[in-house]
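The structure's right below; bear with me while I get my questions together.
Chain nomenclature is as follows: A, B, C and D, assigned in order of appearance, with residue numbering initiated at 1 for each chain independently.
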Amino acid sequence: MDRALRRRLEARFGKVLTGPVRQRHDETEIRIGAGDVPEVLLALHDEPDFRFGLLSDLAGVDTGTSMQTVYHLWSDSSGDWLRVIADGLSRDDPRVPSVTFLWKGAEWMEREAYDMFGITFEGNRDLRRIYMPPDYASFPLRKDFFLADDASRSPAGGVRHMEQTHGPTNAEAGARIRQAPAS
Amino acid sequence: MALTPEPGAASNLPAIVTERRDLVEPIVVPNTLWQSSNPVAYNGGQDSEITHLREFEASGAGRRDDARWAGPLEVIPTKADIVLDLIRANSLWPLLSGLACCAIEMMSAATSKNDMDRWGMFPFRASPRQADVLIVAGTCTTKMAGPLVRLWEQMPEPKWCVAMGDCTCSGGRYKRSYSTIQGIDRIMPVDVYVPGCPPRPEGLIYGMMKLQQLIKDRRGHWPDRAIGPTVPEDL
Amino acid sequence: MTTTRTPFDIPAHASSDDPRVTLDEQLGVFEPIPPYPPRTEREAEFYTLRDGEMFVNMGPQHPSTHGVLRVVLKIDGEKVVDLDPVLGYLHRGVEKLCENADYHQAICYMDPLEYISSLFCEWSPVMAFEKLLDVQVPRRAEYIRVLSGELNRIASHALFMGWFALDLGGLTPILWSFIERDEIVEMLAALTGQRMLFNYFRIGGVNGDLNHEFMSRLGAWMSKATAHIDSNQALLNENEIFVRRARGLGVIDTATALQMCMTGPNLRATGVPFDIRRAHPYSIYPELDFDIPSRTEGDCLARYLLRMDEVRQSLRIIDQCLHQMPDGPVMAKLPRLIRPRPGRAYAAIEGPRGQYATYAISDGTDQPYRMRIHDPSFIHLQSVGLLTPGNLIADTMAIMASLDPIMGGVDK
Amino acid sequence: MTVVGRTWDRLTIPGKILAVVIPLGAALTAGLAILIAVVGGAVVQFLADNLPLVRFVVAATIVLLMTIPSAFLIIYMEMKVIALMNLRYGPDRVGPFGSALSVVHGLKVLMKEDFTPTGADVPVFTMAPVVVYMSSVLSLLVLPFAPGLFGQDFNIGLLYFFAMGGLTVVGLLMAGWSSFNKYSLLGGLRSAAQIVSYEIPLTLSVVGVILLAGTMSLNQIVLGQAGSLFDWYLWRQPLAFVVFFIAVTAEANRTPFDLTEADSEIVAGFATEYSGMRFGFFFFAEYVNVFIASGLTVALFLGGWNAPFNWPWPVTVGLDPGGLGIGLLLLLAIGPPLAIVVLGLPFYLLNSRIRFWQALVIGFVLFNVVAVGAVLGLAFLSFDWVVGLLWFMGKTYAFVFTFVWMRGTLPRVRIDQLMGFAWKWLLPAALLNLFVTALAILVLKR
């Protein structure tokens, strides 16, 4: 656990952070608003204090109430993985600036997050579905997309793509959207 | 064993198949024994739209026996068919198409340790036009279903299909997934099922030898093929 | 003067992804152009043909796409002008399935991701779950993990060698490398009970201790492994045709590789000795003595040779593991039903292709709330679009093979 | 049920066969006798008047028929040799050591559905395999197998050979164009570029040989190399030999120049859309081409049917069976049974588990082997064409093995390397060889 990194992060991004800097095991976590993603990541990438040169992972998360995009970074100046969570995206129209200007390799990861969650990355010049076919309408990894108990016994026999045809409002009584823990 | 549909079953589905004729027709075997806890999840419980095999059956093109088995060879006495089947059984060129994990074991079956070449199954043809047997090795997803069916239809008769692995036989570990086909016998006829996740190369070779036996028993005859899962006659 | 043809000029026809395939009666042509107007800038740019160019649809069934990848090539004669990889033909929805399975079951879904290096696919989620649970893994279990993992790395690199040669037209190397791979896989089957999808790592340890058959097979193999690897490489390394085709092909420099988020051998071939085993140590790797090979050329030949160097380092690691392995249990004491406290964990390991990472979120139930799988194949395949344009069709396969993507991992 | 029907039913199966065959044979014999009596003389006269034509037709037919077994043999050889190089067994179930497998593959291909894709140019699509196959077969016509054993001895034999070999590219281009498939098109164009490029060094490299032999007739070229190993043109034209071998490998579309059907790049090249026997024609033509390439290399540079050493002793088999008189009949009657007993007796005496009749069977088999061997040996000593054929085939199959070996070992070159190699290295080398040869002849003859 790198205490110095925590102090440096708090000193540099104190105003931008929307939550406390958390540390557990070898991970450091900061939370920022969606609009601050380019500045924060650019600073982390370029400034000599941080030098987070490697984008280790980019993921979308559906917390049940809002959307998040999560960036994991690696730096040779710190022993920790840095997790940057862009929080509070609306579930109806999640939008976040793209980081392809920094890491061109983030393009496909953003496409994947778009395909699975419907998060729009502004600035990504190839934001289309990557896994599911173009005529697919649902976003499978959203929490209001329910899996069948056994797709092979369903009427369509699993031959077609499973689609989400109902919102949470008309879900049956047993169906409850899982919500992420508050942490 | 007589089973009656449960009261909650969807009414627009065809009745339980009873005749062999009916077994040829449907792609999706209607299930009346079970109902999804969330029926709307599957686009309102509609039938599959993959109907090409059904249309093919309806067109009657499959019933013409042109150049498939007899054709110009009809003049030769019937006993010649035994020889022809022997020849076909001993020269099975698989299509070089692996879908997923099982493809590695399929390749392993063809390489030095388990040498499929010994039975004349080796030249993996890259083009479906020259292949005899389609080994569907690996998970078939719904996106891959169309290309896979096209591959099958591009292969010239007589042709056979071997479903290798649990995913292709029945869905396997992806039976809940939103994007996999729960057994490729829903979209194309299958001659031999080789279960396992993945089966050992010896398993595949055993399946291919079973296929040789089937060919010698004249199983590849198109009109005799049942499309859809193998359902007991009395169901 | 160039004439352009846009997707709008093409009469509507069925998509290749549509199972109801209908060929246009009059044309009889199946162009890979999508039947809808372009939705992104890049799509519009790609699916517009200039004079003399044409599309070639490579895949999803093609001998050298390493699975069910579909690549739409825009070619001008033999020269590749541009290409558009179309993924998803093996998308099995693993992440969603993991969210609907409990923690032990989720590991079971990991194996088929990168099916020739399954142990690494298990390793990163297992480590992430252990972080969530604050479990200390017994040292013997860590040693067994490293031992079996490095064996799996050798098997994976052996197959890489074979495929790379096969895509360059060589017939024999793949059969020779499959001999090594089969031997290793049989040995791991003696240890784990399965040939390919081992499902061996458990939260808090491994499934079973080393057994006699594994050890005897390993000993027999180790005594001749170096000689086998040398003879296999002699078939390629001294082959003029092979070297001439691979050298200077698909060169990528360090800055671009970092921009493309590359890791593993593909990054190390550009001169950065970045290896998570050293850069962000995990398991018992800090205690082991091994080198991180790196090369500066960044071309296909460097990527190939680097992997062959890694095989030798893996043999060193296996040797040390066998000598230093302590006694003790191989599983931590854990309840049957696992309910970690709510939290988030990220674990990354160094696999044969680069960084395998898992980001797991727990909400206090027995099922992961979100499980993100980061796969190096997915990242590396992306740079094919960067490296290929300007080269020939035959080079496309060589570049793709040298990056060593596995479609199971790419499509999840 | 008539009398005939009842009689027919009582017959055994051999009886039924004989009952059909004997009347049929009698009728045919009678008909043939009448036919020969009526038009026989005229036909014989016509044939005698047009002997070259008859010879051509017979030779063409024999050559056409000969390609199929030799292709089967080479296919089997390739399967087995590559398998052994890959450290596996290869085919071993169908026939002894799997030797029937190539025939089985061929027959299976014959019985597959014949398929024409939508949008194909049907006449061209149908003709392409025929063109490819016939160009291979026609090349064989001038290849000298042995003294007196060749299809036709043209005085422009080599030119004819290259003309026919160049026709292959037309067939491949037809296949690539008419298939209506982009992979096929790429394969066809690749083959056009490749064969046209390699035709030039190929032809130029043999000009030195032509200068040395003073003729373009393959027969004369082979005769010019008569003598020992050191009279072969290989030693006088080493550079030409290397250039020729590389170029002929490219002409035959073999590894490492098999770009036209590179299955890891363009699925199966020009043959992508071909199925059934049409594909079989391509498949066979490839192996016939291998045979032709090897045979031509042998004929031009390795002395053709000449033995690699001067035959050290004069062979005269002064056997006159007529001299024995009635003894010949006695020998024929008594000799074989006696030989069978003599050959089988050791097995009976030395192994107590073998019964007498089994020993006799063994003796019979051994006697046949010995007799066939004796006859062949006699023929080998007596007829120079048997000797020549054996030497020619031995050398040719050594080259076929080399082709298979290269396939098992080498990766494939890239198209630009392929073309660059032809134009930058092979062509200058062939020209250099030509100038040096011409200069040497000029200087030495003066």
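Heads up, the rule we're going with is that a contact is a pair of C-beta atoms (placed from the backbone, for glycine too) under 8 Å apart; a residue touches a chain by one contact, two chains touch by 3 or more.
In this text, all values refer to a predicted model and were calculated from it rather than measured experimentally.
Contacts with chain A and chain D are shared by B, C. In this structure, the chain pairs B-C and C-D differ in their number of contacting C-beta pairs, and the larger number is found at B-C. Per-chain Cα centroids separate chain B from chain C by 30 Å.
Centre-to-centre separation between chain C and chain D, using Cα means, comes to 47 Å. The distance from the centre of chain B to the centre of chain D, each centre being the mean of the chain's C-alpha atoms, comes to 41 Å.
Averaging Cα coordinates per chain places chain A and chain C 23 Å apart. Those residues of chain C in touch with two or more other chains are numbered 17-19, 62-63, 88, 91, 93, 96-97, 100, 175-176, 179. Multi-chain contact residues of chain A (touching two or more other chains) are listed as 131-133, 140, 145, 147, 159. Annotation for chain D: residues 86-88, 263, 267 touch two or more other chains. Interface note: chains touch in the pairs A-B, A-C, B-C, B-D, C-D. Those residues of chain C that touch chain A in the shared complex are 15, 17-19, 34, 36, 39-43, 87-88, 91, 93, 95-97, 99-100, 131, 256, 258-263, 274, 279-280, 342-346, 348, 355, 357, 359, 361-365, 369-370, 372, 374, 378-379, 382-383, 386, 411-412.
Per the touch definition, chain B reaches chain A in the complex via residues 10, 13, 27-31, 33-34, 36-50, 142-143, 145, 170-171, 175-183, 186-187.
Within the complex, the chain B residues that touch chain C are 49-52, 95-101, 103-105, 107-108, 111-113, 126, 128, 138-139, 141, 143-151, 173-174, 176-180, 187, 197-198, 200.
Listing the residues of chain D that touch chain C in their complex gives 82, 85-88, 118-119, 180, 182-183, 186, 190, 255-256, 258-259, 262-267, 407-417.
Of all residues in chain C, only 23, 27-29, 54-57, 62-64, 78, 165-172, 175-176, 179, 235, 239, 241-242, 244-245, 392-395, 397 touch chain D in the complex they form.
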